[in-house]
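Got some structures for you, see below.
Paired with chain B in one complex and with chain C in the other, chain A is shared by the two complexes that follow.
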Partner chain A sequence: MKVEGVKLIREDGLRHDGRRPEDLRPIRMEVGVLSNADGSALVEFGRTRVLAAVYGPREPPQKFMLLPDRAILRVRYHMAPFSTSDRKSPAPSRREIELSKVIREALEPIVLTKQFPRTAIDVFIEVLQADGGTRTTGVTAASLALADAGIPMKALVGGVAVGKVEGVLVLDIDEVEDSMGEADMPVAGAPDLGLITLLQLNGVMTEEEFQKALDMAWDAIRRIVDMEKEVLRWKYNVGGDSK
Partner chain B sequence: MEQASEGRILVLPGDPLDPAVDAQPPYVYIDENGVKRAAVPGFVSRRGDRLVFIGLEGIYIPKPGDVVIGLVSGIGVTNWFIDINSPYTAVLNVQDFLGRPFNPATDDLSRYLDVGDYVKVKVLAFDRTRSPLVTVQGQGLGKIVEGKVVEISPARVPRVIGRKGSMLEVLTKETGCEVFAAVNGRVHVKCPNKELEAIVVLAVKTIEREAFTSGLTARIRKLIEEEMVVRGVKS
Partner chain C sequence: MSSSSTEGSRLVAPGEPIGVVEEFNPGEGVYVDESGLLRPEVMGLLRVDALRHTVSVAPLRIRYLPPPRHGEVVLGIVTNVRHDLIIVEIHAKVSIMKGVPSITGEYKGKLTGAIPISQIADERIDDTYNYFRLGDLIVARTLNSTNPYTLSTREPQLGVVYAECAKCGAPLKPVSNRVMQCTRCGNRERRKVSTLAGHRGFAEGIKWWLLVTHRL
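Let's turn to the complex of A and B:
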């Protein structure tokens, strides 16, 4: 996305879309959206929209991959060709392969894979619309889909990105702030356990800024995981199981 | 944690549990600090002086002694591969099925059980390092030749059976059908006619969808009665 001449921090101190620096975008979550998957979830952070589907544990077609003491987690992060303003080639890019690995590593510490040796748990993350923060939205959607599938996990995880634009730390950055800002730090973790499972930093921050950014992200992750729990509660209390 | 309905608390992965809660992995796990936490969504409810954990989602893990309904998914040289709605494919040996010595050169396995056949089997052995071994030696076991098999989530099977078999009684008494709910989430329905079969299948699917709502047994009884009138089985 090419945006020229946008003022990232307006004179009144608000961001280009009217949020305060510590505000999240409007978040919407839904579970059990796909009937063929064992578990699924749709998560939206503003205009970023990500679908996650979980299958398994199951026996994969290639048995050589299996581990004798635990299940393997296979994660595919993929952006739909229509998710960006310029068409994205549907072939997995270098970036998508890397993000698949990063998201897998964000989920591996919380999934109780030792319960299901010699099986595979497949997580498919499909970005339907990209507007920044797709990896953290992907982690959030995958966590909900895993819970929906009934795969034993230590806790729910959530993710959010903190950025620095015009010297100000801002929470939950979108595409414009990401591409024109000075730093971008995606964080994911499980607040129930006090565990950070994903931390990346692209750009430059001072030590104080980093500490403050991490605090902002952690506080937001708490709120995001609370939202995940709210959605799951709604599923079991009010709505019927869609499967 | 939140009060879901009377005496029942909904817990989600990561929620700390009362140490007295009676539950085993994979439903719960104990973290590094010794805190017992839920690993899957579930209800904690009080039964007598016990706190029990009822998993809302579940994956069937074979246990020796379980009677399950399997679907033949493949044929080997001297065995069948049976899909038992679990992460692990079960193995049924031909000697066990035929009860006599067997020569792969002259006997054709697909004559006895073909891919796509349902078979009621008992789990003999399973330790997670090898495929589960199943047997048809036992009363009522063997190929399922009539009726219909409905697939539901394994976590919903206790609801189809009901407390002390109350739901199963409604399903069978009202319709005259035979219903067998296997722990792996497959329900075998055998009825005198197609209409009754369709009614029981509908009832089982309704139980799966509304598993954790109150007054379900009464609603299912009403549903069966109404459907029997609508479908002209009973006036």
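Let's turn to the complex of A and C:
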């Protein structure tokens, strides 16, 4: 999707979609959207829309993978064939397999797997519509779905990507900014614990830019996790059987 | 009960600091991090027990039963009968109140249990086939707390609660604590029969429950 002649940073300093460099896209979160899953969530960052479903702890058919002292976390990140403008082959690509691993490692430090030895916790992340930042949106959705499933976790995690376009650091980049910009840095973590669980950088940044980008991401993750808590509280207060 | 308060029904999310170890002990649903802060591990209501200096978090919605612990009574299906061991698929938790059994919840996914020959009954056992058969629905007690469970059916109330005739497939009804008889063809078969097997509607209820939950 190469769009020539699009100014990523306009004369007035705003981005191509009218956001300021430090603005997030409009975020929407919903939990408990699937009745068959133990926990589920739908998260939207602008036009990026990701569904997450959590099953378990359960005993899977392949028992050789199970660990005697803790539960294993199995994560599948997948993009629906209709999630991109060109049809995406439904078979898991190299990129999806790698992202599944990266997201698993972003969730593993916060899930209290020691409580469920010899079981597996399955996390399915399905990208319904891709417009940049799908892995960080996926982590956010997975965190909500885990909390919705009642799986013990150390804290909630959230994620966001920071990019560099035309020399300017911009928060929560979309597809156009990602493909035409100079750098893309997805970050995920748990602000309650001060823990970064995912950090990648594609492109070139100076040390000062990296530091500033990390600060921008961290501040945004704080806001995203606060939103997660608000959504969970709202859900349990309105839809729950308490009160 | 003890003097516990729900502190104005405060709803807490995983990871939010709710106290320090110097002040409270961590109860259910609470963990201590590296710096000594108490944090909830689930979404739920904060409970402060001032008497025991304990804070706990009660999850608002439990979607699955935690795997059984030592000493719980469970419902299972016999999946393999060996000369020294009975293999069981564990499905649900059973509670017996004043001799009345009921299913109190289903476990998530598949749990496996095994009854060693020594735990089948309080007698010398020559052939395990005279105690359990493939497909029997049984009630047993767990002897450990981790997944391949060791089970026991030595108590009178434990054992087969529902079985089908080997000749015609009709349900068997208990005759004694060791014998069941077919309701259609009168065929007699030997089993380790639970005293709950004769309990009105329990066996049929289990069968129906297993069918509607796609476990049978």
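What we mean here is this: the second predicted complex is superposed on the first by the 239 of 243 C-alpha atoms of A that agree within 3 Å, B and C clash if a C-alpha of one lies under 4 Å from a C-alpha of the other, contacts with A are read in each partner's own complex, and residues count from 1 in each chain.
Keep this in mind: a contact is a pair of C-beta atoms (placed from the backbone, for glycine too) under 8 Å apart; a residue touches a chain by one contact, two chains touch by 3 or more.
These figures come from a predicted structure and were not determined experimentally.
Participant: On chain A, do chain B and chain C fit together or clash when superposed?
Facilitator: clash
Participant: So, does A:99 touch the first partner chain B, the second partner chain C, both, or neither?
Facilitator: It touches nothing on chain B or chain C.
Participant: A:227 in the overlay: touching chain B, chain C, both, or neither? Say first, second, both or neither.
Facilitator: The answer is neither, since A:227 touches no partner chain.
Participant: Looking at A:161 after the superposition, I want to know if it touches chain B, chain C, both of them or none. Which is it: first, second, both, neither?
Facilitator: Neither chain B nor chain C is touched by A:161.
Participant: Under the stated touch criterion, which partner chain does A:75 make contact with: chain B (first), chain C (second), both, or neither?
Facilitator: It touches nothing on chain B or chain C.
Participant: Just chain B (first), just chain C (second), both, or neither: which does A:173 touch?
Facilitator: A:173 sits against neither chain B nor chain C.
Participant: With chain A superposed, which of the segments 109-117, 199-207 or 217-225 in chain B collides sterically with chain C?
Facilitator: In the superposed model, chain B runs into chain C at 109-117.
Participant: Which parts of chain A are touched by chain B and by chain C alike?
Facilitator: 39, 56-59, 112, 116-119, 147-156, 190, 192-193, 229, 232-233, 236-237, 240-241, 243
Participant: Within their complex, state which residues of chain C touch chain A.
Facilitator: Its residues touching chain A are 9, 11, 13-17, 29, 31, 33, 39, 41-43, 45, 59-64, 67, 108-112, 146-148.
Participant: Please output the residues of chain A touching chain B within their complex, sorted ascending.
Facilitator: 39, 56-59, 68, 71, 112, 115-119, 147-156, 190, 192-193, 225, 229, 232-233, 236-237, 240-241, 243
Participant: Going by the contact rule at the top, pick out the chain A residues touching chain C in the complex.
Facilitator: 38-39, 56-60, 110, 112, 116-119, 147-156, 190, 192-193, 228-229, 232-233, 236-237, 240-243
Participant: Quick one: which bits of chain B touch chain A in the complex? Just the residue numbers, please.
Facilitator: 2, 4, 10, 12-16, 25-27, 29, 31, 37, 39-41, 55-59, 61, 87-89, 128-129, 153, 155, 208-212
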